[in-house]
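The same chain A turns up in both complexes below, where it pairs with chain B and then with chain C.
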Partner chain A sequence: MSTTESLLGIASADRDDIILTVLDNMIWPILAVVILGIFLTVPQTFRNAQAIRLILWGAVPIGLLVLAESLCLLSGHFDLSIGSIAGFSAMFTGMVLGTCPSCWGLTTNPWIGFGLIFLIGGSVGFINGVMIGKVGLNPFLQTLAFLIIFQGAKTAMQTQPVTGLPSTYTQVGASPVFAIAVFLSMFLLLGFILKYTTFGQAVYALGSSKKSAREVGIDTERLIIAVYTMSGLLSALAGLMLTGFVGVVPPLIGEGLVFQAFAGAVIGGISLFGGRGMITGALGGVILIQVVQSALNNSPAVGATQIQMVNGIVLLVAILLYSTQEKIRARILASGSV
Partner chain B sequence: MSLEEESPTTSTTKTEQATGTPELRVEGISKQFGRILAVDEVSLEVRSGNIFALVGDNGAGKSTLMNILSGVHQPTKGNLYKGGEEVSFTNPSEARAKGIETVYQDLALMDDLDIGTNIFMGQFPKRGIGPIKFIDWETTYKRAEHIIADRLGRNIDIKTEVEFLSGGQRQLVAIGRALAFDPDVIILDEPTSALSVDATRLVQDTLNTLAESGITIIIVSHNIESVLTHADRIGVLFQGSLVDTYIPSETGLEELNEVMTTGFSSS
Partner chain C sequence: MSQNSRRSFLKTTGAVVGGIALAGCSGGGSGGSETESAAGTTVGESSGSGGSLDRVGMSAYVRGGSWITAYIEAAKFYAEDIGIELDVRPNQQSAQKQVQDIREFANGDYDGILVGIWSTGAAEGAINQAIEGGTPVFATNADTSSSEIPMYVGFSNYDGGASSGEEMITALEEQYPEKSTYEVLNIRGPQGNQSANQRSQGFVDVIQESDSVEILETLNGEFARDNAQSTVQEWINANQRPDGIYSANLSMGLGVVQALRNLDILVPRGEENHIVLTQMDGSPEVNPLVGDGMIDAAVDQPNYFYNPIALEYMRQYVENGKDPNVIPEVGTEITSGQLDIPAGQHKGVEMWSKAIWEPGVVREQNGHPWFRTNSIVITQENFDQPFLWGNVWG
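Our next item is the complex of A and B:
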C-alpha cells in the first residue's frame, strides 16, 4: 500500500470513528435542533423559569418509565407492561389509602402506602421475570398479557378518581424540587450501577448475546428476573410520582405511557436489540419527549385531540432514526475500515 | 490401535514421547448418554507446554471428551489427573479453579462490548471500601492491554468493540479471556475453523507462543491439516475410542485421514 493510500485509509477510519461516535450520541444534536425549533415556533413553551420547571417536573414519571424500559432494552428484552404496572400499583395503593366513598380506605398510614406500591410493582415485575427468564415465555407476549390484565384490573377496581390520599404520600410527587431530585438520583444510580457493577455489565452482556453471557458464567435466568423486578419497581415509582403530580389517582393513570417510554429510550440511543446504549442518552430522550409534549400543549395549531396522533408520529420518527442509525453502522462495519 | 488395553504412560506412539512433564492425564475415561457410548475407555496424557491436537470425524467423541476435561460433563467411569493429582469436576468453574480454561467454537464473545470488557466479563478487577466494591475500569483496561499486547503480542486497541474485529482477532480475544484466569491448560474447540489463511496463521503463532511460555494447549478439531503443522502430538478418535497418538513429523495427512475415517492405518 502506498503512503497516500495508507493515509487515506487512516483518514477513512477516523471519519468512520467520528460518524459512529455521532450516531451513538445522536440525541444531543437532535435535542438542540428540536429545542431551537420550538423556541422559534412555540416560544411560550419556555416563557419563564416556572414553565421550564413544569417541563422537568412533568418529565419525572415518563423519565422513570424510560429508565425501566431502557433497562429491559439493554438486557435484550422489553416491557410493554410498565405503564400498566405504574397505573395498577398506584390505583391499588390509592384504593387502600383513599377516603373517597368508593375507596377501600383500609389505612391512612402513608408508609404502608409506600411499601405497598413498591411491593406491587416489584412483585408484578418479578412475575414478568420468572415467566420470561425461567418459563421461557416470549417477552412481547408476556408483557402484552400483563399490560392488558393490569389495565383491566385497574379499571375493574375503580373508574372514578381516587381522592383523599394522605398528604405525605402524595407529597413525594407533588413537590417539583423533590420529584426532580428523585428522578435525577434514579438516573445517576442506574447509570452508576450499569457502568460500575458486575450486575450492570452482565445486563449489557445479556443484551449483546444471551448464549455468550451464559457461557461466561452469567446466570441469565436470575439476571432476567432481576431486570424485570427493577423495571417493576421503577414503574411503581413512576405511579407514585404520577399520583403526586395530579394529587389524586386518575382512572386512566399510566395508560399509553409505554409508547412514550419506548420513544424516549430509542431516541436516547438505547438499542432495540440490546447490549448498546447509555443511560445519559435516555435522559436526553426523556427531555426531548417532554419538551415536544409541552410544545404540543402550548401550540395553538395542535388541538388536544391531536396530541396522541403526534405522539405516534414522534415514535415513528424515533424508530426511523434508529433504523437509519443501524444501517449506517452496518455499512461502516461491512466496509471494514474501522 | 486402541489404547483400551494400555496404560497411558505406555501408550503406543510411533516414536519417543514428546518432551515435557505430564500436565493432564486421562485414564480409562468413558461417557455414556443413555444407550450411546460417546467416549469409550480413552487414556491419554498431555505434557506440559505441548500442543496436543485431538482430532476425529463427527461423532468420534472429541467434543464429549473436551467437555469432560472442561467440567461440562462428568465421566461415567475413569480418572482424570491434573499435574499428577487426581481431580474431578462437576462444573466448568471447578475445572477453571484447577487451571483448565476452555475456548468454545462460538468464542462466547459479546459483539457490542469492547475487548477489555469481553476479556474480564464476570471477573472484573474491583476496588472499593470494605464489602462495597465496584469495577475498577483503569485496572481492567491495563490488564487487558497487558494480555493482548504482552502475552499475545498483538497491537489492538482494547477499547475496540468486538464487532469490529476480524475472525482471527476475535479468536485472540477469546484466548485472552482464557489467559485472564491464568490457566495451565487451555482447551480450544475448532480454533481455526472458518478462518482465512492469514487469520489461521495468526492464531497458530499465538498458540505456539503460549505453549513456549509453558501453557499446555489442547486443540479439538476435525481438520487434520490445520493442526498437522503446529501440534506436538495428535490423538485420533474414532467412534468414541482413541485409535492412537502420533507425532506430526512421523506421519502424514493421508495416514491420519485414513485413521480418522476408518479407525485403522494400513501403512
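Our next item is the complex of A and C:
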C-alpha cells in the first residue's frame, strides 16, 4: 500500500469517526434547530430566564421516568410499569403522611416519607427484576401485570386527592431550582455510571447480547435485578417530584406517562432493541419534547385541538431520523474503515 | 311511617300485585297507582301493576377523585335508604368492560340498570338488548346514544360552561370597573371528549356574545391538574397576564391556582391585579379557595342527586309495569314539589335536604328524555354550605 493510499485510509476512518460521533449525538443538533425555529416563530416561548426554568421544571417528572425507561431499554429490556410505580409509591406515601379525612395519617415526619417512597419504588422494581431476571418472565408481560396491579392498587387505596402533606416533603418537587437540580444531577450521575463504570459497560453488553454478556462473565440475573431496582427508584423519585409539582397526590397520578417516557427515550436516541444510546441523548429527548410542547401551547397559530397531532408528527419525524441514522451507521461499519 | 318501612310496604305491595298478575288474576289495569303520569305529579308514591325494584346494577367510572366518589356513594346511600340492593361495577375506563357488565346485569337477577356512560356510542347495543329483554336502563351523569332508555339524568355541560362565562363577565366588571375590555384564557379538556367540547363551547359562546371580553387563547389542560398547571404558568410567563381564566373542570382549576401561586400573582378578589378565576365544579379543595376569594365562582353540579333522581323514576317505572307515562314529558319543568327525594342522615349531614337540582327541565337528547338538573354557583356567600358536595366528601 502506498503512503498516499495509507493517508487516504486514515482520513476516511477519521471522517467516519466524526460521522459516527455526530450520529450518536444527533439529538443536540436537532434540538438546536428546533430551538432556533421556535425563536423565529414563537419567540415568547423563551421570553426570559423564568420561561426556561418553567419548561425544565415541567420536564422533571417525565424526565426521571425517561431516565428509568432508558436504563431498562439500554439493558435490552423495558418497563411498562414505571408510571404505575411512580403513582403507587406517591399515593401510598401520601396516605401515610397526609392529613385529609380519608388519609391514614400515620406520621407527619417527611423523612419517613422520603424513605418510604423510595422503599416502595425500589421494592417494586426489585420484584420486577427478580421475576424477569431470575424467574425468567417476559419483561412485557411482567411489567404489564405490574402496571395494572399498581394502578389498581392506587385506586383501591384512594380515589380522592391526598392533601395535607408535610411541606418539607412537597418542597422537593415544589421548588423549581431544587427539582431541576435533582433532575439534571440524576442524568449526569447515571450518564457517568453508564459510561465510566463496569456496571455501565455491563448494562450495554447485556443490551447488545445477553449470551455474549454471560460468556464474558457478567452475572446477567443480578444485573437485570439491579437495573429494574434502579428503574423503580427513579420512578419513585418521579412520583415524589410530581407530588411536589402539584402540591397534592392527585388520584390519577402517574397514569399515561409511560408512553411519553418511551417517546422521550426514543427521540433521545435510545435504541428500542438495547445496547445503544446515550443518557445525555435521552436528556435531549426530554428537553425537546417539553420545548415543543411549550411552543405549541404558546403559539397562536396552533389550536389546542391540534397539539396532540403535532406532537405525534414530531415523534414520527424523530423515528424517521433515527431510522436513517441506523442505516448510515450500518453502512459505515460495514465498510470496515472504523 | 318511616321512609324505609314505607318503601318496604310499597315493595311488598308491588311484589304481591306483580305475583297476582303473573298468576293471571289481574285485571291488567294500572292497579290503582297513586302516581299520575307526566308533568306536575308527585313521584314517590306508587303501587303499580308491575314488579318491584329490588336489585339494581350500576356500571360507572369509579376513579378520578372526590367528585366521582360523591356520585357513587350517594347512589349507594340512597339505594340503601329505599331498600334497593345496588351492585356497582367499575367500567375500568373501558367501553368494552361496560358493555360486558350491562350484558351480565341484563342476564342476571337485576330489576334495573344504572349507567354512567364511558363512551357515548359504544354501549348502545348492549343497552338496547337489556331493554328488549325487559331490564330498564337509566343513564346518569354521562348520556348514551341509545334512544330506547326511559331517561337520562344529568346537568348540561354546555349550560355549565355558559354559566361560567356569565360569572366571568360579572366578576371582571366588578374587579375592574375602570376597564372597558377584558382578555381571558379558556382552559379546556381533551379534544374529542364530548363534555370537554360542550363545556368549552358554552363558555366561548357567551364570551363571544360579549363586546367587552375577548378570549386570548384556548389552552388544552387535558382535564388534568399538572397539565393545566404547567401549561398556564408557561403561557402567562411567555405572553401576558390575562384578566381572567376559565377552567373546564376542578382539577384544571386547581392547577391554574397553583400556576398563579408559582408565578407569585395569586391574590384574592377585590385586591389589585387579581386574576378572575371561574371554573366548573366545586370540591373539598375548591370551595375554601372560593371562600378565600382566590376563585371567583365555581359552577357546581348536584352530582349526589343524579342517581337518587334516576332511582326514583326507575322505581316508579318498574312498579308501574314499565309505563313510560311515569316519565315526565319533554318540556316539563320539575320542582321538589313534584319529585320527592327524601333526606337521609349520611356522612354527618342531612343529605338531599336541599333540592339544589331544582328546577329540573326535561329535554330531549339522543331521542330520549333528559332530566336536566340545575347547577349551582359557588361563591363567597355559600361556599361553606352543607348542600355542596365538596363540603361533605372531603
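One rule holds in what follows: the second predicted complex is superposed on the first by the 281 of 338 C-alpha atoms of A that agree within 3 Å, B and C clash if a C-alpha of one lies under 4 Å from a C-alpha of the other, contacts with A are read in each partner's own complex, and residues count from 1 in each chain.
Simple rule for what comes next: contacts are C-beta pairs under 8 Å (C-beta built on N, C-alpha and C of every residue); 3 or more make two chains touch, one makes a residue touch a chain.
Bear in mind that the values here come from a model prediction, so they are computed numbers and not experimental data.
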Touching partner for A:T155 - first (chain B), second (chain C), both, neither: second
Partner chain in contact with A:T108 - chain B first, chain C second, else both or neither: neither
Which superposed partner A:L333 touches (first chain B, second chain C, both, neither): first
Partner chain in contact with A:L242 - chain B first, chain C second, else both or neither: second
First (chain B), second (chain C), both or neither touched by A:T280: neither
First (chain B), second (chain C), both or neither touched by A:L54: second
Partner chain in contact with A:T197 - chain B first, chain C second, else both or neither: first
Partner chain(s) touched by A:V216 [first = chain B, second = chain C, both, neither]: first
Which of chain B and chain C A:A304 touches, first, second, both or neither: second
Of chain B and chain C, the chain that contacts the larger number of chain A residues: C
Chain B-touching residues of chain A, taken from the complex the two chains share: 195-198, 201-202, 204-205, 207-209, 211-213, 215-218, 271, 274-276, 333, 338
Complex interface listing, chain A residues touching chain C: 44-48, 50-51, 54-55, 57-58, 61, 100-102, 155, 159-161, 163, 176, 242, 245-248, 250-252, 294, 297-298, 300, 303-305, 307-308
In the complex, chain C residues that touch chain A: 62-66, 68-69, 188, 191, 217-220, 224-226, 229-231, 233-235, 237-239, 251, 254-255, 258, 262, 284-285, 393-394
Residues on chain B engaged by chain A in the complex (per definition of touch): 92-93, 104, 106-113, 117, 121-122, 124, 134-135, 137, 163-164, 177
